[in-house]
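What follows is chain A paired twice: with chain B in the first complex and chain C in the second.
Showing the complex of A and B:
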């Protein structure tokens, strides 16, 4: 498992899945750092992204726009996106805005990784 | 939290963030980019663009595009009729999917022309950005992440935010125009100052032409004055002003008989009195002119005043004499001593130093003489890039090995506390 805190964004990789940790307030500054980290992970070959919101209390409009951008980039790369450990208030916001139509929500990072692990195994088998 | 309330809170937060973003006068494109992303994030719209409609052009200028693909340019022709139609239409936003609902023929035609490309790039909504009755730009928006159509309250939120963004762009453009005007004025001002300087130099040459023995005197006094002013820590503009004062200090000689100026012998009292008119005459000549620098006429008037009050024309003493005039006095005297005159050849450097020593305090201000000596010493020590004294005095006049100690000694006598640090070590 590799771990890095480039641009103050904590992340690590589990196989071909990158786990990126969102900060307490997802705004322009912190959002762009996460966006940069996600792009970097996708460019390095990640086939799935888990964005962990366990520390996140608030997401503003630009944070939403940045998450949509990450979803777009991941879709174009054929990668899956999972949001883990999102608090109820933010889940409501994501639901209201339709983000949950484009990502999978997981209770926590562990659930996200195990769910992705089986999905990616299936995809690989289909690929063969 | 109820969904509607949550949506309101989210939208208000976005408006507050947008206000802050627009107030930021930094990077314009970054401001527009962030504004677009704030707008997109408010309703989770996946793609969009902001294009500008410059009043003087018929083609839009794309400012920021998001999620529309790298090949999309978002350039449209907007003729006067279309522009007017956007301004007068009672619709604040145009849905691409709605065909035949726009009344204005110019708008109908515009939307029909571009509908195919909007569909290709998944653009669903066109919102004109209108500021103070002018079409500032257009905002193109894709669909919402929810896949649901835009509701009327969505459109209201979008229009409010687009108005904000429009004001931001309009304000920025106004500021840019003001800055452009200011830059243009500054350029004109520098051009005028250049013309002024050239004119002054031409005058200086004209003054010196009258005196066949002192050609280049005014120009050299200008340069020495500039050197002293810089050594005294004057600002760049004041240094320039001192150079000008040096160039013009003898302008009053234009009214003095040429024979008196060029007399190859010591002039008599009457002639001397005639010659001594030149500082006051210079003041009279220079006073009606609006110089870009302060006190030029006064420096011409007082450049023959002395610290002890025995100078002319007004017999001022010490602090009554402006510092600029004292600088011109030293520069003028140094050039007079170091150039050949009708009645005597130039003095050697140690004679000049002796003159400074005996006349500082009575004729010259010690502060000015010190500054002059420090500047000269720096050049002799090789601390200056330009060899300005050497150029004016000729290469055989100064001898660093012999003259530098003389200067250092005089400096120590004038101001024993500051000499060592200000003029290089012995």
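Showing the complex of A and C:
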């Protein structure tokens, strides 16, 4: 497992899954940093992204639109995206803007990783 | 000002007790506050504070008692040394008036310093005053009088006038700070004086270090200040008009009680209207009734006394004195009376200076001086070229007419008295009826002025629909129904109202105030497309207005709109009992609104409430936060609103919704305006059941955003953001706000945007 803090975005990789940590306030600036980090991870061969919201207290609409952009990019790369540890208030916002239709929510990072692990294994075996 | 209003104020110069002084409470407070504020001045020119107060009077608005009452209050408070001086009516040279000022100043100063108000009412010589001066003041007073004696026997009158008028400046700062209240209502009587008294008074006041109030006829005082080179920016202005109806009614009742004159409500209202709210005329009439031991409990008694006073009593003396000062020469005076008298009945609104000059047989300068004097007294309007003599009061016209018939036509006095009396009696009920119609008309215009983009139930503009919903309902049920009504009408912002008669003289037959033309703007900004004219008429109909009456009124108003070239118009008829089914059908066919008087009243209440609520919001429970745009400053707003929402016991979920909405609104404000100050203005109003948040910013809203806002305003923020790409997703802020908050509305502002959001407190069940 390697960890990096590029442009103040904390992330680490578990196999082919990249875990990226969102900050306490997800706005344009922090959203773009996450987007940059996710792109970098996808370019480096990540097959799945976990965006962890355990520190996140507030999200604005620009931040959400960037998250949708990340989902689009991941889809185009054939990668999976899971959001972990999203508090109820933010889930409510994601619901309002239809974000939850496009992404899987996991209780925490561990659940996200284990879910992805089995999913990626299945995908790989189907692929073989 | 810490004076307890109920505390007894010792009468010094006031001629009536404080509780009998009616109708100028606000002005009195302002005047006293001005003096008290000014007590802290050390030297002229402290920035941001006006040292001088100009009191601009409409003729007969009355100011002397106001100044005397202020004097008494200041005398009792003992913070500043009040000085009240009224230019004498009888002394008409600048020198005599200035010497009188010096004497009055010293008398009042010494009375104040000795704490002996009774001294103010004595007539004392300068030598007497020196004897009475307190020891601490003796040196400067003796020096002043010595210097005065030198000036007095000099040859320069102007120097002497200046010396006297600037005497208050000689008071040592440690001995008190004089506040001069100069009553210059009689200034017009000094026009012929060799020394320009008006200029000298203004200069003496303006160029001293002391605070002052200068009161005089508005047209004259403004001229005098301009001539003396005064800077209006450094002066506070107070405009004194005739009393408002309710104040004038109180004055009539109070003066009648003081003079023990019996009146009734009808004669009280007649006096208010006939004497046009003038404290002078009202008081004069009641004093005359007292002296003659008369009761004023019928129109006949009132008009009989009025005519007596006009022909030979106080009113006559007042008007005669004005005329004699204006035109001392008998021949000129007779010519003025004839010219003024002739100007009224012919209806010719204007005549030229040259025509007046010829008729008066005066040279140009004399004619101009006379016209200027008439203009100052507001007996005519003169713009330097044309003379308009039609706008003066009906009392003045009665006086002129009687003088003309007696002096020029040599008609028998008994005949003139009988005719004036008959005219007055015939006019009395018309005066009252006109007042009632005018009040109703003014209510209509007042209501239109309050529209101001407010949202109201549309049902208030459709009498049939209103009747079908609320017939037989109680007032509470109607109010609750209207509160819950979701079909709303956004009213325009009215910027000008005028009687329909001003546009179509044929409407005069229905009364000056029965129709109103209101120019307005709809939508968020002032554009051609948003301009609209509301044409409103009160239909005279005891029962429901029928189709014929309705059609006639619609034709009239639509014709007015066509003739006036109004490109967009909205007609609105109001009938006491609403409109019949056929009339309603017609109103709908012609896209007109129709309301009953009940709907009108309900609308009036709702708009009044909105204005009162707005006022209340400014005063209490409102927090303001101004943040620079940029950074994560919206988080500061979110934190602030979180604290406020907690105080109101909003649930954690609701608090988060409010915070998110505030963040979104701040982002919108920052993104959507080319803001010159780069600031976001936030107002948080806490009410018992809701939190109202207004986020605004200055700047020019880009056209595409403006269109977006207007669309939102029209369609009440309907959901429309279903785009998929990122740019479209960026329009989500407003959608989120709308979803998170209970009410969301763009307020109309002149510049930038202002978004108002409301969240209601829902108690946990």
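Basically, the second predicted complex is superposed on the first by the 128 of 128 C-alpha atoms of A that agree within 3 Å, B and C clash if a C-alpha of one lies under 4 Å from a C-alpha of the other, contacts with A are read in each partner's own complex, and residues count from 1 in each chain.
Assume a contact is a pair of C-beta atoms (placed from the backbone, for glycine too) under 8 Å apart; a residue touches a chain by one contact, two chains touch by 3 or more.
Remember, predicted model here, so these are calculated numbers, not experimental data.
S.K.: After the overlay on chain A, what do you see for chain B versus chain C, clash or fit?
M.R.: After superposition on chain A, chain B vs chain C: clash.
S.K.: In the overlay, answer first, second, both or neither for which of chain B and chain C A:13 touches.
M.R.: A:13 contacts neither chain B nor chain C.
S.K.: Which holds for A:119: it touches chain B only (first), chain C only (second), both, or neither?
M.R.: In the superposition, A:119 contacts neither chain B nor chain C.
S.K.: Identify the partner contact of A:25: answer first if only chain B is touched, second if only chain C is, both if each is, neither if none is.
M.R.: So A:25 only meets chain C here.
S.K.: Using the touch definition from the top, say if A:102 reaches chain B (first), chain C (second), both or neither.
M.R.: In the superposition, A:102 touches chain B alone.
S.K.: For A:91, decide between first (touching chain B), second (touching chain C), both and neither.
M.R.: neither
S.K.: If the two structures are placed on top of each other, which part of chain C overlaps chain B: 95-103, 527-535 or 707-715?
M.R.: 707-715
S.K.: Show which residues of chain A both chain B and chain C reach, each in its own complex.
M.R.: Of chain A, residues 27, 60-62, 64-66, 68-69, 89, 92-93, 96-97 contact chain B in one complex and chain C in the other.
S.K.: Write out the stretch or stretches of chain A touching chain C in their complex.
M.R.: Residues 25, 27, 58-62, 64-66, 68-69, 88-89, 92-93, 96-97.
S.K.: Once bound in the complex, which stretches of chain C touch chain A?
M.R.: Residues in contact with chain A: 632, 634-635, 638, 652-653, 656, 659-660, 663-664, 667, 726, 729-730, 732-733, 735-736, 739-740.
S.K.: Over in the complex, which chain A residues touch chain B? Could you list them?
M.R.: Its residues touching chain B are 27-28, 60-66, 68-69, 72, 89, 92-93, 96-99, 101-102.
S.K.: Report the residues of chain B in contact with chain A in the complex, numbered from low to high.
M.R.: It is residues 1, 3, 6-7, 10, 13-14, 17, 34, 37-44, 46, 66-67, 144-148 of chain B that touch chain A.
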